[in-house]
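Which chain is which? They are A, B, C, D, E and F, in the order written, and residues in each are numbered from 1.
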Amino acid sequence: MTESLDLELGSVQTEEMVLNMGPQHPSTHGVLRLKVLTDGEIVTRITPYIGYLHRCFEKHCENVTYEQVLPYTDRCDYIAAMNNNFGYAVAVEKLMDIKVPEKVEHIRVIVAELNRIASHLLAVGTFGLDVGAFTPFLYCFRDRERILDLFEMLCGARLLYSYIWVGGLSHDLPVGWVEKAYEFLDYFEPQVEEYNNILTFNKIFIERTADVGVLPQEVAISYGVTGPNLRGSGVKWDLRKDDPYSIYDKFEFDIPIGTGVVGTVGDCWDRYYIRVREIEESVKIVRQALEQLPRDGDVHEAIPKKIRPPKGQLYNRTETPRGELGYYIISNGKPIADRLKMRSPAFTALSCIDEIARGWMISDVFAILGSLDIVLGEIDR
Amino acid sequence: MMTFAPYFLILPLAAFAIQIFFGKRLPRKGDWVSITAVGTTLCLAIAMFVMMLFLYEPGAKAEQSFEWFNLGELSVKIGVLIDNVTVIMLLVVALVSGLVHLYSVGYMKDDPRYSRYFGYLSLFTFSMNGIILSNNLLSIYMFWELVGLSSYLLIGFWFEKDSAANASKKAFLVNRVGDIGMFIGIMLFFTATGSFLFSDIFAGVAAGALPLPLLTVAGLCLFAGAIGKSAQVPLHVWLPDAMEGPTPVSALIHAATMVAAGVYLTFRMFPLFTPEALTVIAYVGGVTAIFAAIIAVTQNDIKRVLAYSTVSQLGYMVMAIGTGAYVAGFFHLTTHAAFKAALFLCSGSVIHAMHHAYHKLGDHDSDPQDMRNMGGMKSKMKITFLTMFMATLALSGVPFMSGFLSKDAILAGTLSFATHHPEHFLLPLFGFGAALLTAFYMFRLIFMTFYGKPAKQEVLDNIHESPATMTTPLIVLATLSIFIVYTLPYINPFSDHGWFTDLIVATNSVVPQHVNPSAHEIAEGIHHAHLPAMIISLIVAFTGIALAVVIYLKKKFSAEKLAKNLALPYKLSFNKFFVDEIYDRFLINPTIKLAKAVGFFDWEIYDKYFINGFGRITERLSRFIGITMDYDVLDQQIVDGVGKSTRFFGGALKFIQTGKIQNYLVWVLGGIIIIFIIQAM
Amino acid sequence: MNDLNIYLTVGAILFSLGLYGVITRRNGVAVLMGVELILNSANVNFVAFARFGGMNLSGHIFAMFVIILAAAEAAVALAIIINLYNKFGTVNVDDARSLKQ
Amino acid sequence: MVDYFLNLFADVSWLAAMPAGAQFLLAALLAGLPLFLFVAVNAIIAVYAERKVSAFMQDRLGPMGQGVGLHAGKWGLLQTVADALKLILKQDIIPALADRKLFILAPFIIFIAPFVAIAAMPFNQHILVADFNIGVFFLLAVGSVGVIGIILAGYSSNNKWSLYGAMRSAAQIISYEIPAALSILTVIMLTGSLQMQEIIKAQSGTIWGILPNWFIFNNPFTLLAFFLFFIAGVAETNRTPFDLPEAESELVAGFHTEYSGMRWAFFFLSEYANVFIVSGITAIVFLGGWQSPIPGYMDGPFWGLVWFFSKVVFLILVMMWFRWTFPRLRTDQLMRMCWKFFLPASLVNILGVGLWDLLVN
Amino acid sequence: MSLSDLTFFFVVALTIGSALYVVTSQKLVYSAMALFFTLLGIAGLFVFLMADFIAGTQIVIYVGGILVLIVFGIMLTNRISDVRLSHTSMQRGVGGVVVLLIFAGLYKMISSAPWYLESASAPESSVKGIGKLLMIEYLLPFEVASVLLLAALVGAAMLSRKSKS
Amino acid sequence: MNFNQLVEYINEQFRKEFVQTGEEVPADHISVAASDWKDFAEFLRNDEHLFFDAMMCITGVDFGEESDLGVIYNLHSMKHNHKLEVRITISRDKPVVPSVEKIWRIADWFERETYDMYGIEFEGHSDLRRILLPEDWEGFPLRKDYVFPTSYHGIDIPKMKEGWE
C-alpha cells in the first residue's frame, strides 16, 4: 500500500480551457490580463498581456524639461514614489556632476527606506490576501498608514510626493518630524513579529507558498529579475551594497537572501519572507540615518537654477523595493532630454511568470503573481 | 485472569495501528508506543504468572467462548482459553518480545522505516498472543496466518535487498504448503464435530466422530501446519533464509516464538493424535534434529548456524511430542526460547559491532555475518561474550543450565520410547547424535567468534560493546538460561522437578479404543529412563565440546584438512544436503519442463503435423475436386447462386446489426412482449 | 394512500419511462439516468411490498442494497463514459460502435 | 411543538377528520413557520456580527453610525438592514448568455436545503418542529441537497469562474460529508438512536461529578469526533479556510459571481443558515444541546433555549475566528486533507469508540 | 379526498412528471435537474410507505452522491463552455410503442395478480430494525456490498485514470 | 575588470581590433555592427572571464530624423560585478538587429518593447508583437519622425501640446 490511489480531480482527462484573468480581477494587482490555458485546474501556459496602463512616460520625457519629468516618475511606481524620485534625481545629478549636501543625502535615505517599508508592507499584506488571509492585509495597512502620515507631514502628499528633487529636496524636515519618526520606529519594530505570527509561519500559509513557483537562480538572472525576487532565489545582490549610490555605504545592514527554510530556495515563501526581513533591515538603516542626520544645513542649497546636463549619456541604477530601477538618459545639452528610458524592475519580474507558474494550479498563479509583487503602473509606464 | 486476556490483543494491535498511521509523526518515531504496549502486556503476563504460582494448581483452566457469527444453521464460536500452558507461553512471548523491542531501539536506530518496524513487531506480538489465547482452531488459523504475514513483513523488512525480498517470499510460500494441510485438517475436524472449539473437538473425537484412519490423516494434516511453521524437514528450507530479516526479528520470531507456534499447536492437539500419527511426528522431528545439526556444523554465517540450530532444536521438541514426552517438549520450548533468543541477540550484537567497524573502515563488501572474519572479540565485547557463552552452555546441555534439564527430559523420553518399541531405535540415536553435534557446532561458533585471531586486526580495533539497550536484554535472557529459574522451589541441578513440571501435566489421549499409553504411563517410562539418558547426554555433550576445543581452540587438527578428508559428508553438510537444489531439480524444474513439454507437444506436434496435416489433406482433396468437378456447373450455378442468395439475406439482415445496443434492446423487449402475449393467450 | 397497486403502478410507470430513456437516449449520461429510474422503480416496489406484502423490513434492506448497487453502478458507468469520451471524443453511445461490422 | 398542534387539531372537528399524515404536515408547517422566520433574522444578525467580529479582529471599528439623519444607526446596528434593503431594491440581472431557468432555480434549491434542515433541530425541550426518527440522518441528508443548487448556479451562469467554483464546491462538500457523517456515527453508536432529543437526553448527568456528561467530554474518541465534525462542517459551509468555491482573490466570487440583488441575497442567507445549522448540530450532538453546563442547575425550557443558543453562538464565533485568521487552502490540499487525514481518522475513531464502549462500559 | 391523499398524488405527479421530463428533455442538464425532483418525489413516496430511513438514504446517496456524480459526468464529457448542452434521441417511435406495450403488460400483471397482502405493523423505529437485520440476517450480503463498493471505487478510479504514457 | 581591461580582453579573445573605442569622453561603451552582434553576445554571455549573465536594459534610440536608429544594451555580470554597454547603430530604412532572446531571456520583452516603440525588427525573435501599445496601433511613437494620429478608433485626439511646453 505504498502507492496510494490517485483520486484527485487532476487525474481525469479534461479539455484544455482558456481562462481570461483580468484585466479586471481582484488579484491581478492592477489592470493586467493573463491569458491562462488550463487543463482542469492545472495551468499549462500563461500569456501576459500588458499595456492597459500605458501612459507614454518615455514619450513625455522627450517633451518636457528635466524638472517636469520628476512628477511622472512618481506615477510609475506609485507604491514607492520616493524611491523612484530618488533614482531619477541620482541619475540626473550624476549626469550633471552635482554633489548634494550630507543632510539631503540622509533625508533621502530616510524617506526612501521608509517608503521601502511601506511598499513591502503592501506587498506582504496583499500577498496574504492573495492566498486568502484577510486580516494580515489590514494589519499591514494600519502600519503603512503611519508611514504615509509621516510623509504627509513632510510634503503634504500621501501617495505621489515629488519630494526628492534634482540636487535637493522640495521641503526641509518639519519641526518634530525626527521625533515622530523615532516614535514610529519604536512602535513599528515589534509589529514585524506580529506579521510573522499571523502569516509567515502559519501552517496553511506555508502549505500554500512553500515549494510553489520556484524561480531558480540562473533563470532569475537570465530573466533579469532583481530585487527581493532575485534575493529570494538565493542571489546576494543588492545595489545598495554592491554598487552603492548616495550614502548607503555608510550604513550597516544585512541583505537577506532566500534559504528555502520551509521549502525550496526561490519559492513564493522565500520571496515573501525576504520582504519581511528587508523591512527589518530598512528599520535599521532608518535608525542609523536618523542618528547621523546633520541638524543644520539648507536642503535647497545644491539645486541648480537650470537643469541643462552636458552632452552625454548615462545608465544609472538604484534599488527600489521592487529591484533595480534604471534610467538611461541621453542628453544633447538641451533642457529636455533626448531620450529617457526607464528600466522598471516589475517589468522583468512579470516576464518570468509563464516560466514559473506553468504546471501549478490556478490558485497558485495568484500566489506566484502576488509573490512577484508587481506594480502595473511601472510595468506599463 | 480472564479479564487480562483482551489486553494482550488490544494493546499490541492499538500500538500497531498507531505506529502505522501516526508513527512517523510521533516523537522518537513512536517506538515508545510499541514498547509501552508490549511492556504492559509483559507486566500483565508476569502478574498472571505470579497468580498461577500462587494458585499452584495443575489443572487450572478458564475458558470463555462466544458466538462469532452464524450463517443459517452454522454457528461459529470462538473464544479464549487460559490455563497454565497459556500463561507460560504468554510470559515467554511477552518477555522475549519486550526484550527484543528494547533491543531493537538500539539495533534499528538509524533505519528509515523505524516506526514501521515497531508496528510490525506489535502486529506480530498481537497475532502470537492470539494463537496462544485461542481456544479453537478457527481463530488459531486466523492468527496463524497473521503470524505468517508479520513474519513475511519482517523478513522482507529490508526489501531493497533482493535476498531479503526473496527470502520473505520463500518463507511465505513454504509456509502456505503446510497451512493448506492444516486447513484441511481443521476442516476435517470441523465437518466431523461441527465446532472449532478444542473442547468440542476433543469430546467429538472421544465419542468417535472420526474413524481411526481418518483421524490419523486429520491429525497429520494439522501437523503439516506445524511442519511448515516450525520448519521441520522437509519444509525447513525457509528458516535459514529468513535470517535476511533484522536480527532482533530472528531472535523473536525465528527462534523463540513463531517457530514454536507449530510445536505449541502439536502440543495442544496431542490428545488427537493416533499412535501412527505420533510415530510419523516422532520421525519427522528426529530426522529434523539430526539433519539440521549436521548442516549447522559446516556453516560459516553466524546467523545461519543459529538458524539451523533452531531447526534442530525444534526437531527435538517435535520428536518429544511424537514419543509422548510432550511435556518435556514444551519444557524445552520454554527454555529454548530464552537461550536461543539470547544467542540470536548476542549474534546481533556481534553483527552490529562488526557492521559498525566495517562502516568505519569504509569497507562495504565484507560480510559482517561471516564468522571467518571474526575472532578475538572476547576482550572487546565482554557482556556479549559472557551472555552468549552462558546461552551456548545451555544449548549444549551442560549441567546447571536450563537446556540440560529440558533436553535431558526429551532424551529420556525417546530412550523410554525406544525401550518400549525397540523397532524405533533410530530415534534416540538421532537425539544423542544431534546433542553431540549441537555441543560441537555451538562451541565452534564461540571459538571462531570470540577466540583466536581475526582475519583483519583493524576490524577488531574498531569493535565496541553495544549500547545498554542492547546488552540489557542479553543479560536478562542469559540469566533465564540458568536451571534454577525452572526448578524452584526444588534445587537439584540434575532433576527437572520443579514448578514447571508440577504445573504442566500431561493429558490423556482422547483417541477412541485407547491404544495410546496414558499420560501417567509415559511419565513413568521417562522417569525410569532418566538416569541413563542423563549420563549418555552428559558424555555426548562433553565429547562435542571437547572436539570443538581440539579443532577450533587448540587447532590440533586443521578444519580444512578434516573437510578434505571427509569430502562427501562435508559437501553434503555445507550445501545443506542440497535440499534447495533438490527442490529446484525435482519440483520446480520438472514443472517448468512439463509446461515446456506440453507447449512443445502443442506447437511442434499437434499444430505442425495434426492441424497442418489436415490442411495438406484438404488442399490435395480440393485440388482433386477442383480439377475433376466441372468448373462451370458447380462454380457458376450453385456457388454463385448461394452467394447471391446470401447477399440478399445479408442485405436484409444487416439493418438489424447496427452495433447500437439500444436497437438490440428494442428487439429484446419485443421478444418480451411476445412472451407476454403468449402468456396472455 | 394505502393501496399496494398504486405504488406498483407508479413503479411500473417509472420502469417504463426509464426503459424508454435507455432505448431512446443517445448520450451515455442520459442513458445512465434512465437506468437510475429503473433502479428506483424497483426500490418503490420493494418498499411497497415491505409495507403491504408482508416483506417487512427485508424490503427496506433490499432497497438499501439496490441504492448501494446504484451508487457503485453510477461510479463505474461514469468512469466508462469518461473513458469513452477520452477515446472517441463523444459520449453518444451509438457513435462508439466498433462492434458493428 | 408538532404534538402541541396535533392536540389542538383534535379539538377542531374538520381538522380532526383529516388523515393523520395531512394533520402532521399541517402541524409541521404551522410549527415550522416561526422558525423559518427566525432563520432569516439569524442571517441578518450573523452578518452584523461577522462584520463587527472581523473588524475587532482586524483592529478597526467596523460599521459605525454617527450624527443625525440617514445613517447606519448606533454602532452601525442598522447596517445589515440597510444592506438587505439595498439588495431587495437592486436591479435583478440575469446574464444574457446564462441558462435562465436554471439560473433562477439554483438559489432556491440552495436556500431551501438549510431551511428544511432547521425543522429537525431542537431548540429546547419542547421547541422542535418534528422529532424525526432519523433526526441526525435527516439533517445530513438535507444538507447534501444544497450541492445540486451550487452546481447549477455555477453551471448556469455560463462563466468559467463560476464553473470552477461550482466544481470545487461540489467536490469539497461531498468529500467532507463523509468524515462529518462518520464522526456523528460515533455518537450514534453510543446513544443507539438517531433521534435528536434522544441524543441530547443521553448527555444528561455528569462525569466524575464535575463535568457535564456531554459527548465532547465523554471519551477521547468523541472529543476527536467533535473536532473532526466541526472542521468538516466548516468545510461544508464553504467558509475560510475552506472557502475555495467563492475564493474572492482567485475565482472572483466563485459560483455566485454572476448573481446580484435578491438572488445573491439568497446565497448569503443560506450560507449563514448553514453556519447556524452546522453549529447547531455540533452543539446538539457533542455539546449537550439544551443541557445546562452545570448539570442539575438552571434546567427547564427557558434555560434550555438560553444554553442552546449560547452554545451555537459560541461555535459561530469560533467559525468567524477561523475565517479571519487563516489563509485559504488549495484545492488539492483540501481534498488531500479530507481523504488522507479526516477520513482515516474518522474511521479509526469509529473503531476506537466501539472499543471504548466495549471495554469501559 | 383528504389532504393526505392530495399530498400523495402531488408527490406521485411530481415523480412521474419529472421522470417524464428526464427522458424527454433535449437538454442534458435539465434532465439531470428533473432527475433531482424525481428522486425527491420517490423519497416522498418512501415516507408515505413509512420507510423514513430509506427515504433519508435515498436523498443522501442519490441526490447527494449519484446525481452529483452524474452532473460531474455531464460537465466532464462536454465542452463546458457551452451552456446549452443538447442531445438527441433516436428510435423514439419504436421505443415509445415498445415501452407502452411493456407497460400495458406490467399493468395487466399488477392488476390481475393475486398479491399476498399482509399489512405489516409499522415497527417502532425502522432504523433499529434495519440495523438488526443488517447485522444479523443480512451480514454476509452487507459485507459483500461493501466489497462491491470498494471494487467499484477502485474500478472507477482505474478507469478514469490518465494512462501513464 | 574596468572598461579598458574589458576592451583589451575582448580584442584579445574575441577578435583582433574588434572594438574601436569611440571618441566620447569618458569612453564607456563599445559599438558593434549588427551582423557581429549575435556571435559577440554569445561570447559575452559564455566567456568565463566576462560572463555577462544579466542583461540590465535594452534601450532603443533615435539619433535624429535624418540619422540612424540605435539599440543600446546594458550588460552586467553578477559573478564578476562588472558592466558593459554595447551599442548597435542601424539604418532607419532597414532596422534589423539579430535577436538575443535565446541568450538572455529578458531580451524577449525588452526587444518587443523596442520594436513596439521604434519598429526595430529583431531577427530570430520567436514572438515579435507589440507589447505596450494595442495590436492595431499604427506607427512607432518614439521615433523622431512619428506623426501623431488625429483619431483612434473614431475618437478624436485633442491637441493638448501647449500644456507641456
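Basically, contacts are C-beta pairs under 8 Å (C-beta built on N, C-alpha and C of every residue); 3 or more make two chains touch, one makes a residue touch a chain.
These numbers come from a predicted model, not from an experiment.
Between chain C and chain D, the least number of touch steps comes to 2. Nearest to the overall CA centre, using the mean of each chain's CA atoms, is chain D. Using the mean of the Cα atoms as each chain's centre, the chain most removed from chain D is F.
Farthest from chain E in terms of Cα centroid separation is F.
Pairwise, the chains sharing the most contacting C-beta pairs are C-E.
Chain B and chain F have CA centres that are 81 Å apart. Separating the CA-averaged centres of chain C and chain E is a span of 6 Å.
Rounded to whole angstrom units, the spacing between the C-alpha centres of chain E and chain F is 70. The geometric centre of chain B is 57 Å away from that of chain D, both derived from CA atoms.
Counting partner chains per residue, chain D has residues 160, 167 touching two or more of them.
Contact of a single residue of chain A with at least two other chains is seen at positions 7, 12-13, 17.
Remark: chain B residues 654, 657-662, 665-666, 669 touch chain C in the complex.
Contact residues on chain D toward chain E in their complex (touch as defined above): 17-23, 25-26, 97-99, 101-102, 105, 109, 132-134, 137-138, 140-145, 147-148, 151-152, 155-156, 158, 160, 163, 167, 170, 174, 177, 192-194. Those residues of chain C that touch chain B in the complex are listed here as 19, 22-25, 31, 93-94, 97-101. Across the complex, chain D meets chain A through its residues 54, 57-60, 160, 164, 167, 171, 240-241, 243-244, 247-250, 252, 324-333, 335-336, 339-340. Against chain E, the residues of chain C that register as touching in their complex are 1-2, 4-10, 12-21, 23-30, 32-34, 36-37, 40, 43-44, 47-48, 50-58, 60-61, 63-65, 67-76, 78-83, 85, 91-92, 94.
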